[in-house]
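Take a look at the structures listed below.
One chain, chain A, appears in both complexes that follow, with chain B as partner in the first and chain C in the second.
Then we have the complex of A and B:
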């Protein structure tokens, strides 16, 4: 689990280019893997192996499908895609971490392969570095976009 | 597939398939982060495999090796533990050998549970803010569990 601040901020940039209701689905999608994973871990007290699909390409598609039914029919297909893509962005951000190959995200291709993969650029609890970088990146991008007259976010 | 016909059946199918995938992962994904205990029980299968121990307490340290305790299990770890002292909480990866349980050290680093707690508290605050923002823009339609846009 990278911190949700980083996930939220990294989701804002691509989401700003989407239509308003889909925007929200994308941001929620970027937070869902940790929410679902923590729910399985803490509330249901399941083993870590049970939680892995909360961060896999296939698992994300499945619960994004269930979650998209909370959106009205008109935007449901787009909401599913946005929830899934937001979740994939979450997994990508997680792959930047160095969890010694142990994080659920590192098994993102399960059940196709059980081999773990990650880029290992920073320790998970070094949010002290990742959060300011994400804040500066997101804030400067939004500042430039607004200066050019783009309505990026509500 | 995305229509409102058989709404609850589709909802159930989505969640059901996901929980099915979790259960399948639990039973079929034995090689995903097995515990030392599981590796000992299925020793021939995991001998020579890389294990990850998320949290263990350092029991003793010598020049060439150290020992850690995970619940009731004591594991010898062959390798230099620089900056590690007895009583420290550590995260380890290493090659597993059974009888007795031994690891050839790949990596070790100290664990800071209090820092993890801070990250979790900040994350909860962000989650609460996103939920609030979400319900500023969406509302649940009367008579159906659907979020509608816009709220006005």
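Then we have the complex of A and C:
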């Protein structure tokens, strides 16, 4: 996985023009694959690729559908779309990694194909050097957004 | 759309979505698990997985040999045939192929500082997830189980 702060930033900044509940759904959607995937993998100790659908196009559509019921009825359809697109953005960011084809996101078209694909631009552990920068950017963005009265979470 | 996203029968809809995703997870386990078997499967049934691609999650090298190296996996030694000889004590991950019941490495990658880097990434990610969950809960009507917005 890339770190969640980077995923947060990649969703938070481009989604800034969306309406606020939808924006929150988009940001949550961008965190959803890792939260679900790690829960299945670490907490439930599932094995042998059980967690792969948390990083696939079809799996994310279903997870997003279940999660959209946490939103009010009047925004639920938009929330589902935002959760799903946020999840797909997460997968796209993950596809930039080089895991030798082993990452869950490399099977993003499963069950339509079982082939793995990734762009292989950086090693996941190298994210440790970008995390401090991402944290500063995220904190600064939230501070400015709050000052402008555009806090997505309020 | 009202049928899919309306409040009526919402618990049944969530349940159906979770059932569908669980079926998809089991399908992934069966199909991808067979295509890319875990080390425990290869140990138990070495003849069954001939030619399959294996991904080995980062593991500690315990011995370097002329024809490869030995890693510790699930507290047991595992011999990898490889042209590369990473030093003992290092952490490596690899992609390999099962040949003659053994794993032959196609690509080996060393991960210097693996444990502290991974702990740092997981730590920061965990903190962010907690922060987002806390801020979402502040806007959640727990009695109705929904995220509520003022807008």
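Everything below uses one rule, namely that the second predicted complex is superposed on the first by the 126 of 154 C-alpha atoms of A that agree within 3 Å, B and C clash if a C-alpha of one lies under 4 Å from a C-alpha of the other, contacts with A are read in each partner's own complex, and residues count from 1 in each chain.
Here, a residue touches a chain if its C-beta (ideal position, glycine included) is under 8 Å from a C-beta of that chain, and two chains touch if they have at least 3 such contacts.
Just so you know, these numbers come straight off a predicted model, no measurement behind them.
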item	value
When chain B and chain C are modelled together on chain A, clash or fit	clash
Partner chain in contact with A:135 - chain B first, chain C second, else both or neither	second
Contacts of A:102 with chain B and chain C, given as first, second, both or neither	both
Partner chain(s) touched by A:3 [first = chain B, second = chain C, both, neither]	both
First, second, both or neither for A:83, with chain B first and chain C second	neither
Contacts of A:15 with chain B and chain C, given as first, second, both or neither	neither
Touching partner for A:66 - first (chain B), second (chain C), both, neither	both
Chain B/chain C common contact set on chain A	1, 3-5, 8, 20-21, 24, 27-28, 31, 34-35, 40, 46-53, 56, 58-59, 62-63, 65-66, 68-73, 75-77, 80, 100-102, 107, 110-111, 114, 123, 125, 127, 154
In the complex, chain C residues that touch chain A	1, 4-7, 10, 13-14, 17-18, 20-21, 24-29, 31-33, 35-38, 55, 57, 93-95, 107, 109, 111, 113-114, 117-118, 120-121, 124-126, 128-129, 132, 135-136, 138-140, 145-151
Complex contacts: residues of chain A adjacent to chain B	1, 3-5, 8, 20-21, 24, 27-28, 31, 34-35, 40, 46-54, 56, 58-59, 62-63, 65-73, 75-77, 80, 100-102, 107, 110-111, 114, 123, 125, 127, 154
Footprint of chain A on chain B - complex, ascending	2-4, 7, 10-11, 13-15, 17-18, 21-26, 28-33, 52, 54, 91, 93, 107, 109, 112, 115-116, 119, 122-124, 126-127, 130, 133-134, 137-138, 141, 145-150
Complex interface listing, chain A residues touching chain C	1, 3-5, 8, 19-21, 24, 27-28, 31, 34-35, 40, 46-53, 56, 58-59, 62-63, 65-66, 68-73, 75-77, 80, 100-102, 107, 110-111, 114, 123-125, 127-128, 131, 135, 138, 153-154
